[in-house]
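In the two complexes that follow, chain A is the common piece, with chain B as its partner first and chain C second.
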Partner chain A sequence: MNYLLVNLISWLIFFFGAAFPILIVLRVIGLTGFMKVTRFENYHTFYYNMNPSVKIMLGIVVTVVAALTIWWIGAILTVVVLFTYLTLKNGKSKFITGFFLTMITIIGTTWAFAPYTPYVILQEAFHNTTITGIWTWPSYFTVMGYQKELSIQGLIYGFQISMRFTAISLISLVLVMTSTPSQVLRAINKIGMPVSITFSLVVAMRTIPRIFEYIDTSVKIQYMRGLGSNAPKTIRPFYMLVGAINAIVPVIVFLVRGAKDTAISADTRAFRAYRTRTHMQPVSIGRADKTAIMMSVLAMFVTAMVVIMGFGRAIPYL
Partner chain B sequence: MGFNGISGVLSAPGEIPWELVLLFFGAGLVFIFIWGKRTGGLAKFTTVDLIYIGIGAAFAVVWEFYIGAFLGKFIPSNPFFGVGYTGRLIALLIVAGLVRKVGVGMVAMFIFNLLSDLISYGFSGEPMYFMYEMLTYGLMMDIVIALAGKNIFGLRSSSRKSSLNKGTSIGNENAVSSNVFSRMPGVYLAAIEGLVIGVLWAIPEPVFYSGFIAPFLYGGVVDWAAIIFGILAFIPSALIIGAIGGVITRRIVRAVGL
Partner chain C sequence: MKAVEIKNLQFFYAGNPDPSIIVDSLIIEDGETVLITGRSGGGKSTLVNCITGIIPHINHGDLEGNVEVYGIKVAETPLSKLSSEVGIVLQNPESQVMNYRVEEEVAFGPENLCLTPEEIRSRVREAVEITGISEIQDRETYTLSGGEMQRVAIAAVLSMRPKLLILDEPTSNIDPEGTAQVFEILKQLKEEKTLIIVEHKVERVLPFVDRIIVVDEGKVFLDIKSHELIHHVDKMLEIGIEVPIHFIYARKNGIDSEDLPTIREKLAEINALPPLHARAPDSNILMKASVKVTADNNKQLVNGSIELQKQHILALMGRNGAGKSTFLKGVMGFLETDLKAEVELVLDGKDISREHIIDRGREIAFVPQNFDLTLISKSVETEVAYSIRKRKIKDYKVRVEEMMDMFSLTEFRDRDPLSLSLGQRRRVAMASAIASGVKIIMLDEPTSGQDYFHKEILGRELIRLKENGFSIIIVTHDARFVYKYADRMVVFDHGEKVLEGLPEEVFLKSGKFSVIPPSDYLLRGYNELLIG
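Showing the complex of A and B:
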């Protein structure tokens, strides 16, 4: 009896890490949520007035800061970046989507590290030889690479690692949400990348939200045709997953068929007739960019100070 | 902490000598250039090719960061099967099937890596990851394309010719071609070529990443027993997924009507 219970709870804990994020995706974010955070919408606040290269630079600065400093600075950065989502168009809904995406990252990363991280690394990370286990896995869990016990230190370690990623993914999405593909194209061409490569990149950037859109449409059509209509209510959300997987190949065919039209319209506008392109709107450094650059310099300065004060990266992330 | 998170460790215990890595990259590049010229796989990308590459990279990103990332959580981290690997392989196989030119693997991996940096990773550790993704996964795919030429996945021999002159018998074609592979039905050929790419793609993660890039970026000790086990354990699923991917590719490319 006891053996059964231990197994049951262990598998519940195991599936919590897998199923909880997916439930958030299916119930709260949905495919339209992904579409919202990967698609450009026109608006006029701070981020929208910035030069795309400065936005890329901001991303790099956030990466560097999060990589060099102790976890709670990453956490503060995450909160700050998340709150700037409120200034975007439909800021509230983007804030909510961003919040849940961050939650998923935290849970996912914690679960990806906590059960697996060897005690040796934990002892090194916490400068402490005692590991406090809170749950003992059944012995066969070690086949999956699990340690003997789930420990508090393991959970904290996983959480701290997640703080390194969350701010970066949030600030990176800002670039996609607030610049048009052609702005990005211009900015990247400026650093000397060939126009054919940037063209592919821009096609890819435009395609990502469209993939979510078409998968969403396809899933809805499958629902209309009765997918999952006889299933009990509790497992019905998972039919969206089934529908999404079914939709992948048709969506690829649909998008690829449209490629010829895109190619014809690009070629008729003399795409790649010359090596370089001229631009109607010059890429300039405006007031918003100057503010952003000032903020990044300040952030780097604060980082340097913080590292000197001894709040540098505290745990080995490997 | 070196430049951009790269420690630049070249002498970690067990690390592959950098000369060897460089030699593989150089030899591979020279090979695809020379062999691609012979088989006709080396050609300039047209505009529509660039769009195919963009769409394929977008699919790989959507899988890597959104759909596959969540599906992968149901499967514990294991050395036998990778959800991310599956989606990326199939997306790239489809691009390779659509474009069928040498260099498509490297360009597509470049775009994929650049997009991943823009959307999620934020350029830490670059340019090492560009080199890793392009010159291992991309290059290996290009080697297979260079070998197979424009006929990869049995595409030209069946779909193009049959649409041109439907009346001619297949027996006639057999008499002309001396190669064993040309006489094989396209589906099998697609499965075999997909399988070869699949198995080649099982190698970079353990060998190049664990054996060179990871110690180069962060230092540490290379565990060769784990690397060999990693390759051997992964190959069965790579065989199956590669074969399925090749067949899917063939279907999609024919549905698109090239």
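Showing the complex of A and C:
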């Protein structure tokens, strides 16, 4: 094949892994999409009725299962958790955002592993000495740590690895979307963490959606002031990244100025008056929690069984 | 009983050789309602912080003298203990409210006091009842309007049951309807607590307060009973404090009354009514904008249109949530992607409805309420030059100098914009927004939280911009500012345009849409158009 064409295609493949997830973030999810999946909304379904401690436990169980079992169990878990997004407030919109976040994780992780993983690892992982190359990189790509060829086994391996993260990230967002910081504070305090540490987590949970909102405003104003005005229209969305980087300092300064008010507001309302706090709604375990605990126990039992049956995280990887 | 007793107070901020506040002696009695007013930077916040204990417990510096609240020495008592004696409601409820649910926010303080769940519930119930927020008790705090949020902030402090309640500009970010609700609460509280209200707008709080303390240049400049205000109007004006306009006219014309209708009658008799404000004559339509926005659930958020004339100042008013900001976002192409929007935007005869934000920005500039978010450069000069360079405009250096000169920024050219004062930062934001040669400038709530002095400066800047060929749209709740500076105004309600015209015409009917006419207007009389 023409040398120039090989180079062009190789660089396109190279950039695909980095640019496509960014494009999904910029064009499909957007900063307001991130805001929606990092913010609590009041509702009444299963997750909302659960005790935050149980939700944290659920997250740990999902992490353990995804880490210990064969990749397709992680994949099944991902699909299950993603479909439970439909039970959330504005479930359809959150399901779509969750779906694209999962896509980003899969593409990003696959591209982070597929070209780099040495053949010897792939041979061990797949219990097969034959590696099927689908694209040969220009020789100088080895400088970046690339293998000689992009292989089907490399892509599959990368995809399988991504299944260790997808379910975990989806279940983590469930905690943020369905628990108020105050509920989380109550839950974490129960396990003895100091109030001042948990309070900083609470403020962070409240602040993260605002960060997306403020960055969004700042970037749009930069667009109005000409950011990307001389670039071709197809490249303009990528200027959002430039704008977001530019926005970091003013957004931080703005938040820090507000943070002082938050500190005053907390301290003038007796925060840290005592080492512990009491709560208006004592932490209780309801029906939803019992169901979740039973499901978690079942999941751990099944995990143990499948690992014993040879479907654990072992070689061969298939 | 003394609620507050201050003796020989001096406070120096770290690194500042001059004291920011000096008070030899000040006593506020239990049950008094006191207004503390003065220009921004005059020392009123420092004084209040010394009473609440924010100084020296959070803001550090050298504190001399003694401040006692209900006999407790503030400097020697931890804030957590003081919080049951003195509570403070800050200016911006958004940064004060830290919980997601209203009920949790109100319960936050009592929970810190380690009270029993029953006691916490009882205090929450009491605070919610006083502030009238029981209907929004289960709502997320970020969905509340400014007025609702401020009432939640008050409830959150009331649940601590403080004997002394301090409110720092409690209505500066909210609409007249929200303001009325807050004052309704204060009316109730006046009977039960000692109140200190820090406010720029004397007129708003005058009916509620017993006493007025004016702080200027770090000292108590004036300490009077509220009914004595009319005799001190000149002194207040001298240091740039907004006072009721009818007091000024009464004083000027020797009328011995505080009652607005009486003053108006007497002024009419001697033909001394205030003059009508000059409005720009009608000119060509520069921009026609029609915006229809529908939410995901098919709920209509905005359906309205406006026309902006060349070299005019057009004010958009209406209660919080009336659709003004959504309308502006539609004009600029800032709307969230999950909203369905139909926008028709014709500028100078050219349809730019389908143009990207970048291209609309060639003609339209926008300065948001949080204008600090727009300051992204390391120096004032590069900030002002940003849009000129991005748009590759020739002779950019000359243009930058012109802009800096127009906004009096030349002396700060090398300073970091974020390190400047509030007024200076706003000027940088405005200069950098319009520098690339836009025709229209839109400002969202530019008067919010500004004192009389800074609002006057802003007003003069807008007039100068208008004279230099710009057309301006401002969103504001400040009726007095609109009456003085706008050429036309539009009122939005429930997403629709309900009134439009000259301020004089619109204020005749705007009351039912929560846009209360200012006292300047009332002083001229409701039938002024006929008279004029």
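The rule we apply is simple: the second predicted complex is superposed on the first by the 308 of 318 C-alpha atoms of A that agree within 3 Å, B and C clash if a C-alpha of one lies under 4 Å from a C-alpha of the other, contacts with A are read in each partner's own complex, and residues count from 1 in each chain.
We take it that a residue touches a chain if its C-beta (ideal position, glycine included) is under 8 Å from a C-beta of that chain, and two chains touch if they have at least 3 such contacts.
All values derive from a computational prediction rather than experimental measurement.
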item	value
Contacts of A:Phe126 with chain B and chain C, given as first, second, both or neither	neither
Which superposed partner A:Thr262 touches (first chain B, second chain C, both, neither)	both
Contacts of A:Phe99 with chain B and chain C, given as first, second, both or neither	neither
Contacts of A:Tyr43 with chain B and chain C, given as first, second, both or neither	neither
Partner chain(s) touched by A:Phe311 [first = chain B, second = chain C, both, neither]	neither
Which of chain B and chain C A:Val62 touches, first, second, both or neither	first
Touching partner for A:Phe238 - first (chain B), second (chain C), both, neither	neither
Which superposed partner A:His279 touches (first chain B, second chain C, both, neither)	second
Partner chain in contact with A:Phe159 - chain B first, chain C second, else both or neither	neither
On chain A, the residue positions that both chain B and chain C contact, one per complex	202-203, 249, 253, 257, 259-260, 262-263, 266-267, 271-272
Contact set on chain A toward chain B in their complex	14-15, 17-19, 21-22, 25, 34, 38, 56, 59-60, 62-64, 67-68, 108, 111-112, 116, 144-146, 165, 168-169, 171-173, 175-176, 196-197, 199-205, 207-208, 211-212, 241, 244-245, 248-249, 252-253, 255-257, 259-260, 262-263, 266-267, 271-272, 318
Chain A-touching residues of chain B, taken from the complex the two chains share	1, 5, 45-48, 50-55, 57-59, 61-62, 66-67, 69-71, 73-74, 76-78, 94, 98, 107, 110-111, 114-115, 117-124, 218, 220, 248, 251-252, 255-257
Residue ranges of chain A touching chain C (in the complex, touch as defined)	30, 32-33, 39-42, 90, 93, 180-182, 202-203, 206, 209, 214, 217-218, 220-230, 233, 236, 246-247, 249-251, 253-254, 257-274, 276-282
List of chain C residues in touch with chain A within their complex	52-54, 57-58, 78-84, 86-88, 90, 92, 94-101, 103-104, 107-117, 120-121, 124, 138-140, 142, 156-157, 160, 296, 332, 334, 336-338, 356-362, 364-366, 368, 370, 372-376, 386-387, 389-392, 418, 432-433, 436
